[in-house]
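In C-alpha cells below, several structures.
Two complexes come next, and they have one chain in common, chain A, joined by chain B in the first and chain C in the second.
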Partner chain A sequence: MTQQLLPTDPTVLPATSERDSPQGDQQGKARRRPAAGRRKRPGASPAFVAGCMMLGLVLLLAAGGALLPGYDPFGQDLSAAMRKPFTDPDHLLGTDSLGRDMLSRLSLASFVTLGIALAVVILNAVIGTGLGMAAGYFGGRLDSAITTLADVNLAMPVVLLLIAVAAVTGPSATVTIVTLGLTYWVGYARVSRNLARSLRNRDFVLAPLTQGGGHGWVIRKHILPNVFSQILIIAATDIATIILIESSLEYLGLGVQPPVPSWGSMIFEGQKYLGTNPWLAVLPGIVMFLTVAGAQFTSQRFTAEGTTGALLRKGRTA
Partner chain B sequence: MRTDTPAPPFLDVLTVQDLMVGFPARGPLFSRRTLKAVNGVSLHVAPGETLGLVGESGCGKSTLVRTILGINKPTAGTVAVGGRNLAGLLNGRRRQERARMQMVFQDPSSSLDPRMTVHEIVAEPLRINGQYTAAAVNALLEQVGLTEAMGSRRPSEFSGGQRQRVGIARALALKPELLILDEPVSALDVSVQAQVINLLQDLQAGLGLSYLFIAHDLSVVRQISHRVAVMYMGRIVETGPVADVFTNPQHPYTQALLSAAPVADPSAAATRQRIVLRGDLPDAANLPSGCAFRTRCPIATDACAAVVPHLLPPVPTQADFPVRPAHQSACLLVHA
Partner chain C sequence: MFNLDDVPVNSAESPKTALTLSSEPLLQGQSNNNFLRGGTVPQYLIKRTGQAVFTLFCVLTFAFILGRATGKPAGLLLPDNATAAEVDALNGALGFNEPLHVQYLTYLGNVLRGDFGNSYRQRESALALIAERLPATFELAFWSFLLGLLLAVLAATAIQLTGSRTLRSLFIWGGSLRHSVPDFFFALLAVLLFSVALGMLPSLGRTSPASLVLPVLTIATGQFVLYVRLIDAALSDQASQDYVRTAFSKGQSRARVLFSHMLPNSVLPVLTMAGLNLGSLLGGTVVVEAVFAWPGLGQVLTEAVSQRDFPIVQAGLLVVALIFVTVNLAVDLLAAKIDPRVSLA
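Up next, the complex of A and B:
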C-alpha cells in the first residue's frame, strides 16, 4: 500500500519492475498510472458546488427539521394562522391557514417527498437494471420480449394509469410508489442492456464460464459491477424528473393524504391564498426548486464524465 | 524445432471428432444459410504434447476452441476429454471434466476484468469451485513470475507480457491437464513473446501440461509444437509432426504459408520457390464446392471443384523425402 501512496519514492519502484519477475518482461516496469493520466475531473465547478449546497440545504431540512425546538407539523392554532415568515419567533417561516408551523410542515413534506422519490428511483433502477441485464446478456427471445415490454411501457400514459389505480385502491403513498416505480425503468433497462450486450462476449466474461461459473456468477461478478456506475448516473439525473412527476401527482391529490404534507399538496393548498399569503405556495416551491436544480447541477458532472463509461473506453483503446 | 517425442499416451487428453459449428448467416435476398465456421474437424492432443494450430484469420480457430470449451454449441461431432465424450455427461460432471482444459486468451487486456485486482482475477476460478486460499493465489502468481505484491494492483497497471502471465496464472488455477492458448502472444512485442513462450515451455516441462497452441506466426508454432495442424476455412488441410510438415509440406496451402514466412537460413531462402496466394479468403457463408482452397490454389484442376478432399495418410512413394504415415494432408493431387 505504501507504494501506491508514494509513487515518486524511488526506493519503492523496484518492487514493481522486471527485477522481480525472473524472466523480466522488457516492457516490464509495471505501468504506473501517471499522475497526469488520472483524468482531471471537472472537479469543483461553480455549478457543482452550488448544486451540492442546494441539495445539502434540502436534506438538512428533511432530516434535521424534527430536531428543531417547536417541531409540530400537525398542531393547529387558529389564533396564529396565516403568519408571514420571520414575523413570529415561534414560527420562523410563518403558519398556514390552520395555524400549523410552516417550517415543521416543510420539513415533514421534504422527508415524505424525497422518501417517495427515492423509493421510486430505487424500484425503477432495480427493475430496469435487472430486465436490461437479462435482455442484453441472454439476448434472443428474452431480449425481444423485454424490448417490447419497454416500448409498451413508454407508450403508457402514467398519470391516467395512476388515476385509474387510485380510483380503485384509493390514493396513497404506496400507490404512487408502486405505480411510478413500475413505469419509469426504461432508461435503466436500455443502458444496462447495451452494456451487458457488449460485455457478454468479452473474454473476461467468458473465462469464468469455462471455469465452472454459471450465468448467475458472471452477472453478479462481472456484468453488474461494470453496469453499476452507469446506473448511478441515470439515477442521479432521474431523481429530479421523478420529483417533478411525483409533485404534480400530489398536486392532483393522488398521493399521501392530509394531514401529511408533501410539496405538491402544500403548493395546491397554498394556491388558494395566493392573494393573502403567497408564501404558503412559494416556500414549498422554493424547496422543490432547490432540490431539482441542485440534482441537475450535481449530476451534470457525472453525465459529462461518464456517458460512454470508463470501462468501454478502456476496452476500446487497449 | 522440437524433436523430443512425448511418452506414448494412454488416453489423449483431448479428442475432437468431426466437429461442425454453424452460425446463422444471411444469404441473397431473404434466404438464410449457415456459415460453417468449423466444418468437420478432428484432432487429438496427447498428454504432455503441444499441438500447434495455424491458419489465416477467420478460418475458424477461435470458434473451434470456443466450442471445445462449451462456449459455442457444436452442430455435429463430439468432444472427448480423457477419452470420455462430454456430450454424454450430466451438466455438473461435464463441467468438472471440462475444467481439465483451460483457456488462455489472445488479448490480455480484454480477458482481465479492468475493475478487479490481479489477486481477485486469479482467485476467481478458485472461488467458483470453493478452493480459494490467499496462499494458493500467491503460489500461482509466483509460478508465472509475478510477485505477491503485484496482486493488489489492477490489470491496467501492468505491461502486456505481465497481463498475459496473469491470464496464464488464472488458467493454471484449477490444475488443468491441457491449456488451450488462442494466439497467446500475438498481441505482444516480439521480445516479450519470447519470454512468455519460455514461461510456457517451463510450465509444460514442470507440470506435464498439454497445449493446444493457436497462432498465425509459424516460427512460434515451429518452436513450441510437437505436432501441427493447418486449418483452412473450417477444415484441417494438413497435419503431422512439426519437422515433417515444416520441411516437407504436402498441401499447396501449407506450401504457400511456408513460402511466405521469412526464413532465417539464406541458402534455404534462395533455393525454395515462393508460392504466392492469389485472391482473398472466400466468403465463409458461401464456400466453394469441392476443395475450399480451389479458388486460390495454384495447381487446381477441374476435379477439385467436384470432390471434397479428405485428410489422408500419404501414398507410399520412392521419393527422396518419404512422407511418414502420421503426416496427413487433404489434397486431391497429393493422393492422385
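Up next, the complex of A and C:
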C-alpha cells in the first residue's frame, strides 16, 4: 500500500523523510515492509501527513499567536474597522466590525476552543473508562445500573441538554465543559466495559486476586493497560465530533461569552456582514475545517475503516 | 467488517475477545438465554417498553432537578422594585414554597396530565408554545432525513453495482470532508453562494417551499456520510452470504440480486441507526434553524435560554426525549418483528 503510494504523491511524502532522522527513517522502513502484505495497514499515508500539517498549522496559530507582534484580541479601533485580509500591514488578516485584529482573535479563539475540546475529551475518557471498567469487571447489578445510565444518557440530545443547562446556569465555558464532559462518555464506557468483561476471568487477572491484590489495584495494573489503547482511539476520533458540537453551541451563543472569541461566536458575528465582508465568517470557518478535517485524517491512521465505522456507530453521533 | 490486523491493542489476545464482545448490544440482560428461548416477542416487548418508560422517568427527574436548581423564579418574573413579600407570595402561588418531595410529586402528576407548566414570560402553556413550533422542525428534519437517506442509498447501490473501490472512497471521503465542516458554517457558505452571489434562493424564514431547499440541503449532506458508511457496510455484509451466491449461481443479474435480495435485507441496521441518530438529527436541526431563522423548536429554545424561561426549555427537552424514546422503541419492536433473531440478542 505504502509502496504503491510513494510515486503517486511526490509533493507530500518527502515531508516525512525530511522530518525523520535518517536512522528513524531506516527503522520506519524496516517496520513497514512486513506490514505491506497485510490489508490496509496505514503507514504515513498522504492523508495522515496532510492531517498532521493541518493540525500543526492550527496548533501553531493557537500556541504561537500571542507571540506575534501586534497581538491584541480585544483592542478596538473603530477607525480601522472592517479591513479585509492582506490589505493592512498592521492587521494581516484584517479587522472585524469593531476594528479588532482578526489574526489575534483567531489565535485566541483557537486556543480557547481547542482547550475546551481537550478538557471535554479528557473528562469523557476518564468518566467513561472508569464506569465501563467497573461495569465490566464487577458485573451484576453495578453493570446493569451503569448500562441503564448510558441508555438514559443517550435519550437526551446533547445540544438540547446543553440548552437546558445553560437556561438554568447561564452560558459559560465551564458549563460547556461540564455538560459535554458528563454526557459524551458512552462510547468509552461500552468499549472498556466489553474489554474488562472479557479480561476479568483471565489468569493474569485472577492470579493477583488470589494473592491478596485488591480490585482497585488489579483494575489499575491489569485491566486499564489493556483498555488504554482502545480509549485513545476513541478519543482521537471523538475530538473532531466534540469540536463540531462545541462550535455549534458557541454559534448559538451558549459557550464562551464575549469578549472572549471562539470559532462559533466569530462566525455568528461575521454572519451579519456576509454581504459586505464575508471573510469575517469564512476565516474562522477555515480554521475550524482545518482542525476537524486534520483530526479526522490523522486519527484514521489509528483506526481501520471498519473499526471506525463500528465505533462511531456504537457511540453517540453528534 | 472488522479487520483484526488493524486493531492496535497491547495484549496479543485481547483483540479477538474484544471484538466478539463489543458486537453485543450494551443493554443485554445477563445470562437469561433460557428465559428468552421460552419467551417470544411479547416478553421482549414488555422488557423493552419497561426500559423506555424508565428512561423517560429518568429524563423527567433530571428536568425537575434542573428546574429546581434555578432557584425560585419569582425574582426573575416580578419587576425589580417588588417587595420581598410579593416575591414570596408569587413563589408560593407557583408552588415553590412546598417541601421538595411534594413539589416533585405535583410535578410528576402535572406532567402525566400533559401540563408542563406555563412560560414565565409569555404566561402561556409551555407545551402549547413548543407544540406550535414542532411542525416546522419536523418538516425540516423529515425532508433532510429523506434526502440524506436517498442520496446514501443511491451512492451505496452505485458502489455495489459497479464494485468500484474508487467510487467508495470518493463517496466516503467526500462525505467525511463535508462532515468536517459544521452544519452552521456549511449553511453560511450555501447562503453566500445561492442567496448572496446568485440570488437564487431565499436565505431566511419559512415563507415558500423554496426556503426549505438550503436548510434541507445542509442537514442532508451532513448526515450523508453516516448513512452511506452504514448502508455500504450492510450491503457488503450481505454480499458474502450464501443466499447471494445461490442467486448468482441461478444466473440472476447483479442488479436483480442487489435490489430484490440484498437491499431488503439491509433495512434492519439502517432502521436501527436512523432511530439512534434521531437525537443528533433533531439537535442538528436546532442549530441549522438558527442560521436560517427557521421558526422551529431551535428558535423558541434559544430565545427561552436568553430569557431564562425554564418551563419552555423543560417542555422542549421532555418532548424531544419522548419522541426519541418512542421512535427507538418502535424501531426496536419493528426490528424484532422483521427479524425474530433480534429479540434473542
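By definition in this document, the second predicted complex is superposed on the first by the 263 of 318 C-alpha atoms of A that agree within 3 Å, B and C clash if a C-alpha of one lies under 4 Å from a C-alpha of the other, contacts with A are read in each partner's own complex, and residues count from 1 in each chain.
Just so we're on the same page, contacts are C-beta pairs under 8 Å (C-beta built on N, C-alpha and C of every residue); 3 or more make two chains touch, one makes a residue touch a chain.
Only a predicted model underlies this, so the values are computations on that prediction, with no experimental measurement involved.
The partner of chain A that touches more of its residues, comparing chain B with chain C, is C. Touch criterion met: A:K221 reaches chain B, while chain C stays clear of it.
Looking at the shared chain after the overlay, A:I177 reaches neither chain B nor chain C. Applying the stated contact rule after C-alpha superposition, one finds that A:L131 touches neither chain B nor chain C.
Once chain A of one complex is fitted onto chain A of the other, the partner contacts of A:A109 are absent, as it touches neither chain B nor chain C.
When the two structures are aligned on the shared chain, A:L209 is found in touch with chain B, with no touch to chain C.
When the two structures are aligned on the shared chain, A:I267 is found in touch with chain C, with no touch to chain B.
The contact surfaces that chain B and chain C form on chain A in the two complexes overlap at residues 225-226, 314, 318.
For chain A in complex with chain B, the residues that touch the partner chain are 1, 3, 15-16, 20-33, 202-204, 206-213, 217, 221-222, 225-226, 311, 314-315, 318.
Residue ranges of chain B in contact with chain A, taken from their complex: 66, 69-71, 95-96, 98-99, 102-103, 105-107, 109-115, 124-125, 128-129, 145-147, 149-150, 152-153, 156-162, 165, 170, 173-174, 189, 191-192, 195, 198-199.
Chain C contributes residues 1-3, 5-11, 14, 17-18, 20-24, 26-27, 30, 51, 54-56, 58-59, 62-63, 66-67, 69-70, 172, 176-177, 179-185, 188-189, 191-192, 196, 226, 229-230, 233, 273, 276-277, 279-280, 282-284, 286-287, 290-291, 298, 301-302, 304-306, 308-310, 313-314, 316-317, 320-321, 324-325, 328 to its touches with chain A in the complex. On the chain A side of its complex with chain C, the touching residues are 38-41, 139-140, 143-144, 147-148, 150-152, 154-161, 163-171, 190-191, 193-195, 197-199, 225-226, 228-230, 233, 240, 244, 247-248, 251-254, 264, 267, 271, 274-275, 278, 281-282, 285, 288-289, 292-293, 296, 302-307, 309-310, 312-314, 316-318.
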